[in-house]
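Structure record follows, encoded as structure tokens.
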Amino acid sequence: MTTEPQLETVDMMLNMGPQHPATHGVFRMVLKVDGERVIDVIPHIGYLHRGTERLAEVETYGQVITLFDRVDYIANLNNELAFVRAGEQIMEVEAPERAQYIRVILAELNRVASHLLFIGTYAIDLGAMTPVMYGFRERERIQNLFEHVTGARMMHNYMRIGGVKSDVPDDFVPWVRQLIGEVRKGVEECDKLLSTNEVFLGRTRGVGVIDGPTAVSCGLSGPSLRGSGVPYDVRKDDPYEIYPYLNYKVPVGENGDCWDRYYLRMLECYESLSMVEQCLDQIPEGPIMAAGRRIARPPAGEVFVHSENPRGDLGVYLVSDGTDKPYRVKIRPPSFCNLVGLATMTRGSYIADAVAILGSLDIVLGEVDR
Amino acid sequence: MNVTLSDAITLGVQLFALFNVAALGAVSLVWLERRFLGRLQGRPGPNRVGPFGLLQPIADAIKLMSKEDVAPGSSQRLLFYASPILVFVPAFVVWLTFPLARDVVVRNMEMGLFFFVAISVLSIVGLVLAGWSSNSKYAILGGFRAAAQLVSYEIPIITMILIVGMLSDSLDFVKVVDAQATVPFIAVVPLAFVIFLVAGLAEVGRTPFDIYFAESEVVGGPFVEYSGAHWAIFFLAEYVNTFVVGILGALLFLGGWRWPFGADLPQVASVALLMGKAYFIVLVIFWIRGTYPRMRIDQLMAMAWKWLIPLSFVLFLAAAFQLKFEWPWWVLTILSLVILVVPVIVQSRKQRNPALALAARYAANAVVVQAKPRPAPASEDVAGATPAAEGTSP
Amino acid sequence: MISGLKGMLVTLRWLGKKNITANYPKEHLPVQERFMGFPGLLWDETAEEPFCTGCMVCVRECPTQCMTAIMHDNPKAAEGTSHRRKIIETFEINLNRCILCGICVDVCNFDAIAMSHEHELASFARTGARADLGLLLDLGRKFQEEVSWAPKGADRNVASVVLAKRAAAEAAKAAAAAAAPKVEETPVATEAPEEKPAAEKIEEGDS
């Protein structure tokens, strides 16, 4: 408990310190409370700052991809995709179609894995200890596939500027088809266990409400924004890769409370699985790497690329000075910008709701602090 | 009254045996909970310490005993160290009246049920003192919140015990079990068992009612300042209380050691049957823990005062009417099921159906994105196999 | 109530399922074929020496700068049993720093390094994470046996293949020179074949 004597002495400061019993990483939240109600939230970040953007200035483009794996360490392939798209745009190369399909398949599977982790950790924040095991069981299947294709369960270093590192193994398509069926069943199980459970509804319905215009002005994106009724999705509004060739739905909420944000992620899991199925039907044969020089030495210039990460809108602003190392890589992390909405959502709610609201934003500290 | 030496020795042996039964029961619950929760989650639970992890509670105990004994500097030391004992002792004293078989009891009182109720509420005092003597703002808040929760849920438990007492025309445990020779009370008043179970969960402080100490994520409960061995005593008291809820449920509602066998079994079999029923109730408690999230403290109190207490009073009246007008026992079953239907319908209307409708609406109203047709491939091929030299990305 | 009871049925159904966890450390889950564990240095059996010449490309490209390497003259080149004029003398990887990204394997031109399947190398000593040449060669050897490894550029890197090619080229040159007039051909013939493979290597390393 911290008190700052020079401020008002009526309200109490309650510190949810950097170490949490729940997950979310190292994040410090100071709640100003009046009795049982929260008056203000002061977030303190920076505990996981690793100098990613500074390192990107001294590492070559191939090495920067490994940095991006670790920015949002749960949606690795989505981050890699954003950066390699920025590299491709500044080098004016295009990845071949097969490579784009492989990338989208892996990125969407990574989205499902990320949402499964969210469902599990959100449930255990609120006290339900089984959905996390079920969710991680399904995640394990997806990570097994990643290991089969990329060589690593998490930090893949698989995408390259111009394509992907290596072609997928021969049994990729049947493996992924079976995987989709199994993961869909697992997601349905978590859905049945949690979504309409009366205690869960009591903890999340009507909690942490934020309306559409406020959400937009706070800079929210991803499911947190769509929960408030704003149908903005980068895959739909600023399409990239082969997303235009897919049929999918973007679920949008109405109330802007924690349950909406949770349930939209559940629906997105189903949508991502159907997108992967369509990609498997459409994937062509062909090269997986654009022809041309292998060492990236782009012309001087700058480019901004954004993509739909599981957490929201990830932006990469890449400035090149003509050498084989970037001049500046600025990352616009969705979790960092989503945290701006935390104070608005938490004001006026109970202390016990602060945990539920923070969980529903689905932040990853690697992204917030870089 | 003359207390001879042999009386004292007998009593001492009985008390020692009772202590062992209760403590071993609680310790076995520690093991059983972790294994059962593990199986619900698809994992084995502790299986490294001893065969099937049976020595895991001993490993836990050793770990807790070996921790540093710290107390806050500004705490009231005497009360601080006495509070765990104040919580722990009532959990064991109530065992004096529990008959594990007809003759396996330390002291069978005619007011056995009343004795249980009277002693068990003493642990609330210990909890409040634990919070207060820690001299930490959030321990005090947690302690008072715990007290409020426990006191509120005492009323439904007491009312259910009264109903059982009315139906068996006695407060004596042995007579209660005898009254269930043909039909256990769970069949006569199923709603009473449900209310007893829910209120019992809240009394013990188990999910979904464990926010007063699991809220240690945020506020801290009354146990926040306790370390090592002192915390182990609280922990053990919680498991003894859980076991008590199980045994009480078995005695009061599941027919004790008699049902479904009309006559008395040999003693060992009676004890085994009672323990089996108690463990079954305990497994249901663990099962609930594995499924439900935690309720917030205000929702928990609302549930007690707006639902459990009125329902228990209505049920009490129904039982009273049934006894007055001497209706057959199944009338009470029907009445209690009818009363049970009311909260189910109300909850469905107010919470479940809107949520289901909302879920369906979100799935239906999702913004649909249509696929654009893919550009014709460079070379002719069967569907799916198009060698594209450069992909057409927007 | 109804949803909660349905949820309880979901958890109850899991009682009958098998465990989803492996009983580590008694049971080790197998890794996939492409799994990237710690790097290992590969062994050229035809010359009884590592493939690695100590060219330091992987050392330069490593994002975490976890490797150090020193090369020296290869005594086997003078003997004629190997085409590598330089060979690795010491090689150290700080396993604490290695992020298992596989960039070193991507950039190596000599098929000298591969990501082995070894990922359980925790040690109790503080210096236990320093993998020296012996350990790295062991890791590589185990990996080679495990996956029946074959080099990607066998005609450039495997000693027996390269020496055989050189011998054939020399024989062809000798045969061509024998047919042509014999004017001071000896100094030219011996130096040219040695410089060409080195030049080829540098060119391939560049592109």
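As written, the chains take the letters A, B and C, and residue 1 is the first residue of each chain.
Just so we're on the same page, a residue touches a chain if its C-beta (ideal position, glycine included) is under 8 Å from a C-beta of that chain, and two chains touch if they have at least 3 such contacts.
These figures come from a predicted structure and were not determined experimentally.
Looking at which two chains touch through the most C-beta pairs, you get A-B. Farthest chain from chain B, judged by C-alpha centroids: C. Taking each chain's centre as the average of its CA atoms, chain B and chain C sit 59 Å apart. Computed centre separation for the pair chain A/chain C is 35 angstrom, with centres defined by C-alpha atoms. Centres computed as Cα averages put chain A at a distance of 38 Å from chain B. For chain C, residues touching at least two other chains, in rising order: 1, 3-4, 7, 10-11, 14, 20. Across the assembly, chain A contributes 130, 133-134, 137, 193-194, 196-199 as residues in contact with two or more other chains. Touching two or more other chains at once are residues 40-43, 290-292, 347, 352 of chain B.
Across the complex, chain A is touched by residues 1, 3-4, 6-7, 10-11, 14, 20, 31-36, 61, 63, 99-103, 106, 115, 207 of chain C. The touching residues of chain A, when paired with chain B in their complex, are 1, 12, 14, 16, 20-22, 94-100, 123, 125-130, 133-134, 137, 193-203, 205, 231, 233, 235-236, 239-242, 244-254, 259-260, 263-264, 267, 271, 278, 281-287, 290, 350-355. Every residue of chain B that touches chain A in the complex is listed here, in rising order: 37, 40-43, 137-138, 207-208, 210-211, 214-219, 289-299, 347, 351-352, 355-356, 358-359, 361-363, 365-374, 377, 384-394. Listing the residues of chain A that touch chain C in their complex gives 59-60, 62-63, 66-67, 130, 133-134, 137, 140, 144, 147-152, 155, 157, 165, 169, 189, 192-194, 196-199, 294. Remark: chain B residues 39-44, 47, 287-288, 290-292, 343-344, 347-348, 352 touch chain C in the complex.
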